[in-house]
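Shared between the two complexes below is chain A, which has chain B as its partner in the first and chain C in the second.
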Partner chain A sequence: MERLSADSRREKVREAAYKTATTVAAVALVATIALFLVQLATASHASWRAFGLRFLWTTEWNPVTEQFGALPMIVGTLVTGFGALAISTPFALGIAIFLADYASKRVTEPFKYLISLLGGLPSVIFGLWGLIVLVPRIGRLEVWFGTLVHSEALVQAGTTGVGLLSSVVLLALMILPFSSSLILESLLLVPTELKEGSLALGATRWDTIQSIELPFVRKSTVGALVLALGRALGETMAVTMVIGNGMRMPRTLFDPANTLASAIANQFLEATSPLYVSALTELALILFVIAIVINIGARVILRRGVQQR
Partner chain B sequence: MNESAYALETRNISAWYGKDQVLFNVSAQIPEKKVTAVMGPSGCGKTTFVRTLNGLHQTNPQARATGTILLHGVDTSTLDIVDVRKRMGMVFQRPNPFPTMTVYENVLAGYYLTGCHLSRQKGDEIVETTLKKVGLWDEAQNKLFKAGTSLSGGQQQRLCIARAIAMEPEVILFDEPTSALDPKATAVIEELLSNLKTEYTILFVTHGLQQAARISDFVGFFMLGELVELGETKRIFVTPQDKRTEDYLSGKYG
Partner chain C sequence: MSFRKLKNATMGMLVAATALLIIAILVIILWHIFISGAKYLNWDFFTRAPASVGESGGGVVNAIIGTFLITVVAAAIGTPFGMLAGIYVSENRGKRFADIVRLCADALQGVPSIVIGIFGYTFIVARFRSYSAIAASISLAFMFVPTTARVTEEVLNLVPSSLKEAAYALGARPSSVIWNVSIKTAAAGITSGLLTSMARIAGETAPLLFTAFGSRYIEWNMSRPMAALPLQIFIYAGSPYPSLQQQAWSAAFVLVLLILLLQFSARRLISRILRIHT
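Moving on to the complex of A and B:
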């Protein structure tokens, strides 16, 4: 009797210790994120005081006169992010549908492996490939197009090849593994009973994909695409290497530009004045908020997709 | 045109999964507008048999089948598989209404899926008459625009029957349609069969002896991928001609 109660007391103490330890770990994670936000806000205080909300919609970025406006970078981020999403989505859907419904298992398995391999590749490799292989080709394409429409400005912008278009294409390739594998996973979850139910009614395989499978995975597909968008918006290394560090407001897709992330990476080491550093930090704060909003949005959509079943 | 007095006739159907042969030269005659039960112990090939009829078996890349299937005397291999499936509806083991569609859309799913456009009026008409035929109209007429999956299991299965007969098939294949249902819902579906057979030829896979005896006019007994015997239900149950049928009926195999 004595023994038993002693044991259970020890058990209780241990239980409490586990609970405390895990709670601390969980709280620490939340606290870190909060701290992050607070510190970014504090560090960008000088820029806040100097420019206020104007920072969001002015276009001049001049370290010499210490005039800073984030609009070119915000535009660069959104254009490259959504542009990449627009280009990669049809391919992602195509890959996922092919692997889920047309390819045999012998093809699907190595393909899945290949996709995850591509997704795990360090982005500096994508960046290097982009710089060496993609940029010169995009440049030639841009010059050809500029000549075609008799636009001296386009030809000039396209000569180097670096710029928004190169970034969009590179990012499209980089997010393809994420969106296609997420869509593939949800397509593989469509119950066989539903596909057979559709076929048995006289539907073709394509009818079945279009009217049964795609509606079934609609929500999770949107979630997957938003997650991919989140990655594109925050991608730094590869974009920094091919976007051209242009600080002016881009006028065309061929212009060198910057995203929020690439501006920070390109300029942080050269930023000497406190206000310059503060302005760059504020870019980080904007990116942080965009990333959080996108990620929460994606998760909400994904959760709703699951609940509906 | 081959001569056949039956709604459905098979000649030497064999089927494989990978290297395993699961059906051996099955030749069966399914009379028109009767309920023909297909019974046998699990793994005997009865489900594979009905799935070869509408070509679902062959959609699995590892599976294949040989032999001739005559639908009202016409060799189905000369027809488009899509047409064959429209003329041969199927109801599955587990109710499988389409979760992204309402009750109304589920009834008309065959039309939607095959790109067949119906006028609003015609659609309403088909939904009402088919739901009445499966005895679901009273229960579901207020839920027409709710998800098909919001119905109970038994109602979902009747919705799937409605979905099949909305296409006005000649034959309906039932693959153990009550095995996932409770006894009450099972009884409702069994009762329904006597109405349905006035219009359709019915092939009904079951692994329940009693169910086969209750519902069928004809019964085929499968074992180890062979059709052992096919004949009038009363005759098979009273005077089986094959020793294996007799043993099965006396409970010698599951």
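Moving on to the complex of A and C:
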């Protein structure tokens, strides 16, 4: 009898420990977001007090005079992010449709593996490839274009090759595996009966894709693209290596520039004054808020897409 | 030929052309990494620390050790939190708070790595006034936890409820069902998820820039600055010396091999589960 009660007591303790441990971990995960917000906000307090909301729309970023305005970085982030999304989306759709509807299984499997391989490649390796292989070629292209339109400024900006254009191209390549595999996954969920029904009615394969499959995956594709955009906006190392750390507002696509992420990576170790560190931390705070909003938004879109079925 | 058929043929060719173009570019990228990386590899690369500035030769053994230590410690810190949170979400499926936890895990997965780096700097490095490998591990753990939580949850959801119900019918307590039935059934899947998450954090650079900082020497002490492969690639890639750029390619090659090894083990485990379940 005594033995039994000792056992049951131990069991109760174990039960309580299990409940507490899982709940604590779950709460900790949610609290992490708050911890990040509080930590980044406190660390960027000095910059907030010095510049206030002006930080978001002034264009001067000058460590010497300690004037910090984030607009050039915000513009750089938006241009590279949306530019990369615009270039990569048609290709992502193309490859997803090809693998879902045209290719045979023997082709699909190795292609899918290749895409997942590229998707798992570290950002710094894309950066290395971009810096050594892509940037010189883009530079030549820019100089060629500059001479074509007789613009001395464009030729000058394009000589090094680093800048917005290189970043856009590299980012487009980097988010392509991600968005195409997400789109492919949802294309594979289209019920076969729907496709067969359409084909049986005499629709061509493209008719079926256009009026059955694409409408079916519309919501999840939008969700996938928003997620890809989130990645592109926050992508750090590869962009840092090819964007050229330009501190002024870029005027053309060939100019060196900075994104929020690349400005931090390029300048944080050189930042000596507390205000400079604080301004860079505020960039991180902006980036964090953008990332959280975009990711939660995308998940909500994706979930609605699933529920509709 | 009707317009519809013409359109069908054109679009078909267009789609195939896009796919082939992209695949070709992706193959070229991989080709560059493997060829350029393998070309400059030699034995010194795996056994020696970097040569002093201006001298040729030397290797990256310090970075290999660093990446290994930082990744393993990060995984050790992150695994309990991630798994427990995953168990919570899976066991409380359908409840509002579990949904919120899942959403937060998804959102945290999308946090840019540089933000994690800045967080690690202000949260740990600035407080202790020194760069350290442990600060890097803790920062990476913040990336490791959400992925692990999601993977654990997804794998646990696959455990057939009939198995769990059978255990409950025998009078088992929830904690014992989780441990003896769910976790043990899903062990291979969870391990595979852990390996994939490790492969992901092993290649991260930005969280290490302001935490591990890098070092020229072989370092085992986690409380000191430490080298890591991604950091070494970043530093060498921007160097004006061709010999260092070559080392960047080789380091990239070694890093890719390491990641492939982790992913390959994960795949092997996954295929084993699929065999059991079918």
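The criterion applied here is as follows: the second predicted complex is superposed on the first by the 293 of 309 C-alpha atoms of A that agree within 3 Å, B and C clash if a C-alpha of one lies under 4 Å from a C-alpha of the other, contacts with A are read in each partner's own complex, and residues count from 1 in each chain.
As a working rule, a contact is a pair of C-beta atoms (placed from the backbone, for glycine too) under 8 Å apart; a residue touches a chain by one contact, two chains touch by 3 or more.
Here the structure is a predicted model, which is why all the values come from computation and not from measurement.
Of the two partner chains placed by superposition, only chain C is touched by A:L176; chain B is not. Applying the stated contact rule after C-alpha superposition, one finds that A:L121 touches chain C and leaves chain B untouched. In the superposition on chain A, A:V64 makes contact with neither chain B nor chain C.
Once the two complexes are overlaid on the shared chain, A:S104 sits against chain B while remaining clear of chain C. In the superposition on chain A, A:I132 contacts chain C only, with no contact to chain B. Once the two complexes are overlaid on the shared chain, A:D207 sits against chain B and chain C alike. When chain B and chain C are set side by side, the one touching more residues of chain A is C. Of the two partner chains, chain C is the only one touched by A:I33; chain B is not. Contacts of A:P215 after superposition on the shared chain: chain B is touched, whereas chain C is not. Looking at the shared chain after the overlay, A:A284 reaches chain C, while chain B stays out of its contact range.
Shared interface residues of chain A (contacting chain B in one complex, chain C in the other): 204, 207.
If you check the complex, the residues on chain C that touch chain A are 4-5, 7-8, 11-12, 14-16, 18-19, 21-23, 25-27, 29-30, 32-33, 80-85, 87-89, 91, 97-98, 100-101, 103-115, 117-119, 121-123, 126, 142, 145-146, 149, 173-176, 178, 199-200, 202-206, 209-210, 230, 233-234, 237-238, 245, 248-249, 252, 255-256, 259-260, 263.
Taken together, the chain A residues at the contact with chain B in this complex read 104, 191, 193-194, 196-204, 207-208, 211-212, 215-216, 218, 308-309.
Partner chain A is touched in their complex by these residues of chain B: 54, 56, 59, 61, 82-83, 85-86, 89-90, 92, 94, 96, 98-100, 109-110, 112-115, 160, 163-164, 167.
In the complex of the two chains, the chain A residues touching chain C come out as 11, 14-15, 17-19, 21-26, 28-30, 32-33, 36, 39-40, 42-43, 90-91, 94-95, 97-99, 102-103, 111, 114-115, 117-118, 120-129, 131-133, 173, 176-177, 180, 204-207, 209, 227, 230-231, 233-237, 241, 261, 264-265, 268-269, 280-281, 284, 287-288, 291-292, 294-296, 299.
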